[in-house]
Amino acid sequence: MNLNEALPLLVLGSSLVPGLIIFFLAETRFRLRTALNLAGAIIKLLLIGYMIWGVMDNQSYHFRHTVLPGLDLALKADALAILFVSLSGALWLLTTLYAIGYLEDSPHRSRFFGFFSLCVTATVGIAMAANLFTFFFFYELLTLSTYPLIVHRGTDVAIRGGNTYLAYTLTGSAVLLTGVVWLYDLLGQVDFTYGGTVASLGSEYDGQLKIIFVLLIAGLGVKAAIVPLHGWLPQAMVAPAPVSALLHAVAVVKAGAFGIVRVVYEVYGAEFSESLGVLPPLAVAAAVTIVWGSLRAIWQDNLKRRLAYSTISQISYIILGTAMLGLISTVGGVVHLVHQGIMKITLFFCAGNYAETLGVHKISGMNGAGRRMPLTSAAFSIAALGMMGAPLTAGYVSKSYLSEGAQQANIIWAEWVLTASGVLNAIYFLPILYRLWFKSQPPAWPRKHIQARGGKETAWLLLIPPLVTAAATLAAGIFSESNWSPLFWVKIIAVREYSP
Amino acid sequence: MSELALILAIFLLANLLVALLRVTRRPTPADRMLAALLFGTTGVALLLLLAYAEDAPVLVDIALTLALLGAVIGVAFVQRGWNQEREEENGRS
Amino acid sequence: MSTALLFPLTGAALFVMGVAGLLLQPHLLRKIIAFNIMGSGIFLILVGLGQRGGSPDPVSQAMVLTGIVVSVAATGLALALARRLLDLTGKMQLPVPGEDAARDGPDA
Amino acid sequence: MLPGTDRMPDVIPWLILVPLVWASLAFLRGPGRGGRLALAGLAVQTGLAVKLAMQISISGVQSHAVGGWGAPLGIDLYADGLSAILLLLTQVVVLLLVVYARAYFIAHPEGVSYFWPLTGYLLAAMNALFLSADIFNIYVTLELLGLTAVGLVAARGGTESVGAAMRYLLAGLMGSGLFLLGVALVYGTYGTVSIAVLAPLIEAEAPSAVFVAVGAMLVGLLLKTALFPFHFWLPPAHGEAPAPVSALLSALVVKASFYLILRLWLQPFAPLVTTAAAQLLGLLGMAAILWGSAMALSQTRLKMLIAYSTVAQIGYLFLLFPLVTVTSQEAAESALQGGVMQVVTHALAKAAMFAAAGTVILSLGRDDIGGLGGVASRLPVSIFAFALGGITLAGLPPSGGFIAKWLLIDGALNSGQWGWVVVMISGGLLSAAYVCRVLRRAFLPMEAGARFNSPARALEWSAFTLALMSLLLGVRSAEVLILLGIR
Amino acid sequence: MILGAILWRSVLLAMLWCILAEGNVGSWGVGAISTALALAASLAVLPVGAIRFSPLGLVFFLIYFISKSFRAGVRVALLAVQPRLDIHPGIETVSLRLPNGVGRVILINTINLLPGTLVLGLNASTLQLHVLDMRSSIEGEIRIAEKRIAKMLGLSLDQS
Amino acid sequence: MSVLALDLLLVTALLWSGLQSLVSRNLFRSIVLFIVFGLFMALAWVRLDAPDLALTETIIGAGITGALLLNGVGQWHAKQRNKLK
Amino acid sequence: MDVPELLSNILFLIGSVFFLAGTIGLLRFPDVYTRLHALAKVDNLGLGFTVLGLLIQAPGVLPALKLILIWLLALLASATANFLIAQRAFNRGIVPWDASESEK
C-alpha cells in the first residue's frame, strides 16, 4: 500500500484513532484528552492540505477494500470530496476548541469527545466515499455516532429528541438502503463518476430508475431535512451547542445534501437526470422547503429553534441549485454547501455563547446583548447578514450564483422563491440584530455560567471559533474570485461534472 | 406343526386383553395391580408359545425377562404407586 | 389389508394419540406417558416400514434401540423436572407464568 | 499426541470427543467445578475448528467414518463450508462465554450447579449435529442437544426456571418426535438415512409418505427453532436461565435446528419444496418479526426483552426461504450468503447482549428496564457491547448484520420479491426501536438510592469482544462467504 | 464350612448361568462376572449358616408343592366355571410356628398357592388368611406345609 | 391367517392400552396401563422379528420407565395427601 | 404328527383351558381377594401345563431346565405379588366380600 492509497485511510484514522482512545480514558484525564483531540484535528488538517496540493497536481488518492465480491469499501479524494473534507476538517478543529471550552465541567466528557470524533470520522468518510455502498456505510455510522451526542445531557427532553432523530434517520436510511441495493442489483458496483453511470442501462430501465431516484432522494432527504422529512431537526437542537453547530453546519444535514449532490451528478448524471424528468419535482420540493422553513423560523422565540428552521430552509438552497440543470446553478448550490456551513456554525457558536455566558436562550431575552458581548454579537451579525445574502458576505456569492442559474435554466419561479426567501430571512434575522444592538440591557442576566476572564466577554475558547468563522464568512465573500476561495474550487468541480 | 401353538397364543392374547380390560376398569387400585400378575403368567405363556410357534428360541429369554419383571413391577406397584385417596378404596368390585 | 402395513399404521395411530396427549393433557406425568406412546408409535413405523420386504432389517432395529435409550433419558429428565416442580409448587403441571404458584390446580 | 497436528489430520472426531472428555472430567469433579477444564477444552476446540476450516478451504469437503465402518451401519461424519462456519462460530462464542461464565458464577455461585459438564455435553452434541451426515444421527444429536439445554435452563432451580425448562423440554421432545417420524418415513421409503445417498434418490414425484415426512421434519424443527407460532417456550426458557446459559441458548442452540432446516431444505429435499411452502415460512418469519418485536417493546424485564428479540430475529432468518426457493441462481446464492451471515452475526451479537445484560443485572441487582438509569456511565463497556449488538440486530453498518441485510435485500430484489424487502427493512427498524428502548433508559441519570456493585472486568470485556466481533464481521465477511461456497 | 457353602453356592449359580446361556461357551466371560456378583448378593442377603439346606427335603417339598398347587388350580378353576357361584369366603387367623426369615417367606408363597388360601398379613406369631371356602378346615393344611418347609431348610418348629 | 389374527389382536391391544393410558381419569390406572402398553409393545417387537428390541422394551420401556413413573405418582399422591391434611 | 408333538399340543390345550378358567374367575369373582385366588392358582397352573408341553419338545437338557426356571420364576413372582397386594389391600381396610351379606 503506497502513500496515495493510505492517505484517505490516514485522514479517516486521524479522527477515528483519537476517538477510540478517548472512549477509554478516565474522566479526569483532561489534558491528555485535549491533546489527543487537537492533535487529531491538526493532523487531519495537515493531511487534507497535502491532499489538496496533490489533487491540484493531478494526483489521485484511492483506497479499496473488498468486503464481498462485487461490494467494495472504496475511498477517493476527488475535488468534491476535498471540498467537503476540508470544510469538515477545518470546522472540526474549531468546534473541538469550542467544545473544550463549552463542556469544561460537565460529566461524561470522554464519551462526548469519543462520539464527537467518530462523528467527524463518519463525515469525512461520507465525503471521500467513492461508491454508493461506502457512502451508505458512513452515512449510517454518522447516524449512530450522533445519537449519543444528541442525548448527551440525559434529560427527558434530550432523550425524546434523540429518539425522534433516530426514528427519522433510521427510517430514512432504510429507504435509502433499498434504493442503494436496488441500484447495485441493476448495475453492479455503483461508483461515483463524473457524468454518472446510470445512463448506460438503457431506456427500458427508466421506470425502475425513477423509483430508485425517489427512494434515494427520500432517504437522503431525511438528513437534508427536506419538508416534510424535517421533523427531527428542531427537536435535535436540544443537544449541546457544539453538537448543534456540527450537526447543522457540517455533519448530518450536510451529509444529506452532499449525498443528493453525488447522486444527481455522479450516479445519475445531470443530463440523464434531466432527461428522466426527476429534477423538476426535486426543485419544487426544495423550493417548498426553503419557503416553509423560513416561514416557520419567523415564529420561533427560542434562538436555537429559529436557527434550526433557518437551516432547513438554507440546506434546500443547495438542493435547489443541484436540481436546476446548468453550470451556474450547480456552482451556486455546491458553493452554498461550504458557505452555509461557515455561516451557520458561526450562528450556533454565538447562540451557545449567549446561553452559556448570559443564560439567554430566547430571542426575547437578547435585548442589549450586543453591548454586553460585542465580539460575539459582531460575529453573529456578520453571519446573519450572510444568511440574508448581504453583499460582501459568502451568502451573497451563493445566492447570486443561484439566481443567475435560475435565469439561465429559465426557471422563473425559482427566482421568485429565492427573492421571497431573502425577504423572509431578513424578517427573522433583522429583529434579532435590532434587539442585540439597539435595545437596552435588562437589569440582570438570567444566570452566569462562564466567568469572563481577563476582562473578555466570555471564555476565549468560546470566543475564538465564532470570530474565525465570521471572518471566513467575510473572506469567502470578499475574495470569492481568488484562486483559494471555495468558489474557485467549486467551479472546477462543476466544469468536470458537465464535461465528463 | 406349530399352527395350534399360534392359535393358542392368539387365544391367550385375547384372554389377556379381556382380563386386562376388566381389571383396569375396576374402581379399586388393588384390582388394577392384578395387571402385573396377569402379565407375569399369561404374558410368559404367550411368549413361550410364540417361541415354539415361530421357532425363535430368543423369545424364551424375553419370557424369562418378563417373568422377572413381573415380580419387580408387582413390588414396585405395591411399594410406590398405590397411594390412592381413601374414598376410592372402600368400593368393592 | 396386508400385515406389512398393519404395524406402521398402528404406529401412526399411536403417534397421533401421543401427540394429542402431549398437547392436551395438563398433568405432567400424563404428558410424559404421552411422549412415550408417541415415541413407540414412531419406532413401530420405523421398524414396520424397514422390513416391508419380509426379512428383518438390522439397521432400523439398531436405530430404534438407540431411540429407546434416548427416550428413556428424556423421560428420566422430564420426571426429575416434574418432581422438582411438584416440590416447588405442589402440583404436577406447567406453571402458568404470573399465576400464584401456591394456588391449587384442578388436579389437586 | 496433540490433536490437530500433522500426524493427525482428521480433526472431525476430536471436535466431538474433546468436549465429551472435559465435560465428563468436570462432571466427576462435582457441581460448580470445571471452569478451567472448559477453558482449556474450548481453546483446543477452537484450534480444531480453525484447522478444519482451513482443511476445508484448501481441500474441500471433509468426511470421516467413525470406527472405519461406512454407511449404512456405521456413523458417517461430514463437514462442508457451512458446517465449518457454524462449528467455528460455536467454538468461538462458547470460548468467550466460558470466560464470561467463570466470572459470572463467581458472583453468582448458587446458579452454577452442573453448568460446566452440561455445557460440555451440549457442545459435543452440537458439534456432532453440525458434522452428522445422516438424518438419524441428526435426530440423536438434536435430542441430546435439547436435553442438555433443558438441564442448563433448569439449573437455577426456582419455580420459574424449572417451569420454563419443563416447557422447553416438552416442546423439544415434541419437535424431535416429529423429526424422528420424518426419519422413519424417509427410511421406510428409500431404505437409507444418509443425506448423500438420499439426495439423488429424492425427486419431485416422490410418494406422498415422503411429503408427510418432510412436513413432519420441518414442523418439528420449526418447533425447536421457535419460529412464530411455536415460539411460546423460548422467552421463558431464555429469559429465566442464568445469563451465560441464556446467551448460549439464544446464540447457538436455536441456530442448530435452523441449520438443519437450511441444510435439508437445500440438499436432499430441494426437489420437494414448493414456492408456497417457502412463502409460508417467509410469512411466519414476518409474523415472528412483528410479534417478537412488539412483545420486546412491551417487556419490562431486560432479559425478557432480549429473549423476545431472539423470537423476532429467528423470524428474520426465515425470510431466507422464499428467496432461495425456485429463484435464480444468483438471487439464491446471495440470499443464502445473507442468511448465513445473519446466523453468524446474530449469534455473536445476541451472546454479547445477553452477557452484557447479565453484567448489568448482576451490578444493579435488578432486572427491570425502568431501573437502568445511570448504567451508561457506570458500565460503559457493557452498555457499549449491548449497543453494538443492537446495531448488528438492526442491520446497520459497519456491523456484520448490515452485510447480511444487504445480501438478503439483494436476493429479494434480484428475485423480484419486493414485499420481503419491506419486511426486512421494517424488521431492522423494529430491532432498533427495542434496543433503543433499553439504551435510552441507560442514558438517564441514576436513581437515588440505587445499589450498585462493580462487576469483574472479565464480565464486561468478554461481552464487548463478542459484540466487537459481530461488528467487525461487517468488513471481513468475504472470508466467511468463501468458506460457505464450499459444498 | 463357610468355604464349602460358598463353593456350593458358586456351583449352583454357575449352573444357573449355564442354563440361562444354554451352554453357550462364548458367554462365559460375562457369566463369570455375573456369577461373582450374584454370589456376593446372595451372601449379603442370606448369610452362611442361617439354614441347613436338605436336598431330599427339597424333592419332597417340590412334589408336595406341585401336587397341591395342581389341586388348588383345578379347584379354583372349577369354582370359577361353575354355573352358580358357590364360594363362601372369609378371614381366618392361624398361629405360626416357623421362625422369622426365609422359611416364612417360602411358607407364605406356598400358602398362596395352596387351594383356597391367601395370606393377608402376618405378625410375630399369627397369620391372617383369606379363605375361599370357610366351610372346610384350613389349619391342618398349614401345619403340613410348615413341616415340609422346616424339613427342607433344616429349621426347628416353635413348639408352643 | 392366524398370524394376521394374532397381529390384529395385538394391534388392538396396543391401541386400547395406549388410548386408555392417555384418557383414563385416574392417574394410577394410566400408569398401570402404560406399563401394560409397554409389554404389548414387547410382544409387537416379537412379531416384527426384533427380539433385541423386545428385550429392551420390556426392561427399559416397561420396567425402568414404569418404575420411574410409579415413583413419580407415589410422590404426587404423598403431596396430595399432605395437602388434604 | 408324531406322538410327542401331539402330547405337547394336548398339554398346551389343557394350559389354555386353565387360562380361560382363570379369566372367567377374574370376571366373575366378587372382590379383590377372590380374584387374587383365581389369578394366583389357575393361571400358574396354565403356565405350568404350557411349560410342560414345551418340555416335551425341548431340544436339550439345558433349554428344558431354562423353561423350568422360567416357570419357577413366574410362580415366585406371582406368589410374592399376590401376598403383597393382598396384604396391602387388607391393611388399607378393604373388607372381603361375604356371601351371607350379599344374599340379604
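Chains: A, B, C, D, E, F and G, in written order; residue numbering restarts at 1 for each.
The rule is simple: a residue touches a chain if its C-beta (ideal position, glycine included) is under 8 Å from a C-beta of that chain, and two chains touch if they have at least 3 such contacts.
Keep in mind that this is a model prediction, so the values were computed, not measured.
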{"item": "Contacts common to chain F and chain G (chain labels)", "value": "B"}
{"item": "Interface with more contacting C-beta pairs, comparing C-D to B-G", "value": "B-G"}
{"item": "Of all other chains, the one whose Cα centre sits farthest from chain G", "value": "A"}
{"item": "CA centroid of chain C to CA centroid of chain E, Å", "value": "40"}
{"item": "Separation of chain A from chain E, taking each centre as the mean of its C-alpha atoms, in whole Å", "value": "103"}
{"item": "Euclidean distance of C-alpha centroids - chain D vs chain G, Å", "value": "58"}
{"item": "Averaged-CA centre spacing for the pair chain E and chain B, given as whole angstrom", "value": "22"}
{"item": "Contacts with 2+ other chains: residues of chain B", "value": "33, 36, 57, 61, 64, 77, 82"}
{"item": "Per-residue overlap in chain F, given as positions that touch at least 2 other chains", "value": "3, 31, 71, 73, 80"}
{"item": "Where chain C touches two or more other chains, by residue", "value": "18, 43, 48, 82"}
{"item": "Residues of chain C that touch chain D when the two form their complex", "value": "8, 11, 15, 18-19, 22-23, 28, 31, 35, 38-39, 42-43, 45-46, 48-50, 52, 58-60, 62-63, 66-67, 70, 73-74, 77-78, 81-82, 84-85, 88-89, 94-95, 97, 101"}
{"item": "Residues of chain A touching chain D in the complex", "value": "23, 65-69, 71, 73, 107-108, 111, 133, 136-138, 140-141, 143-144, 148, 151, 154, 156, 159, 162-163, 166-167, 170-171, 173-175, 177-178, 181-182, 184-185"}
{"item": "Residues of chain D touching chain A in the complex", "value": "337, 376-377, 380, 384, 391, 394, 396-398, 402-403, 405-407, 409-410, 413-414, 421, 425-426, 428-429, 432-433, 436, 440, 443-445, 474-478, 481"}
{"item": "Of chain F, residues touching chain C in the complex", "value": "3-4, 7-8, 11, 14-15, 18-19, 21-22, 27, 30-31, 34, 37-38, 41, 44-45, 47-50, 52-53, 56-57, 60-61, 64-65, 68-69, 71-73, 75-76, 79-80, 83"}
{"item": "Parts of chain E lying in touch with chain G, wherever the complex brings them together", "value": "16, 18-20, 22-23, 66, 69-70, 72-81, 85, 87-91, 108-110, 112-113, 115-116, 118-121, 128, 130, 132"}
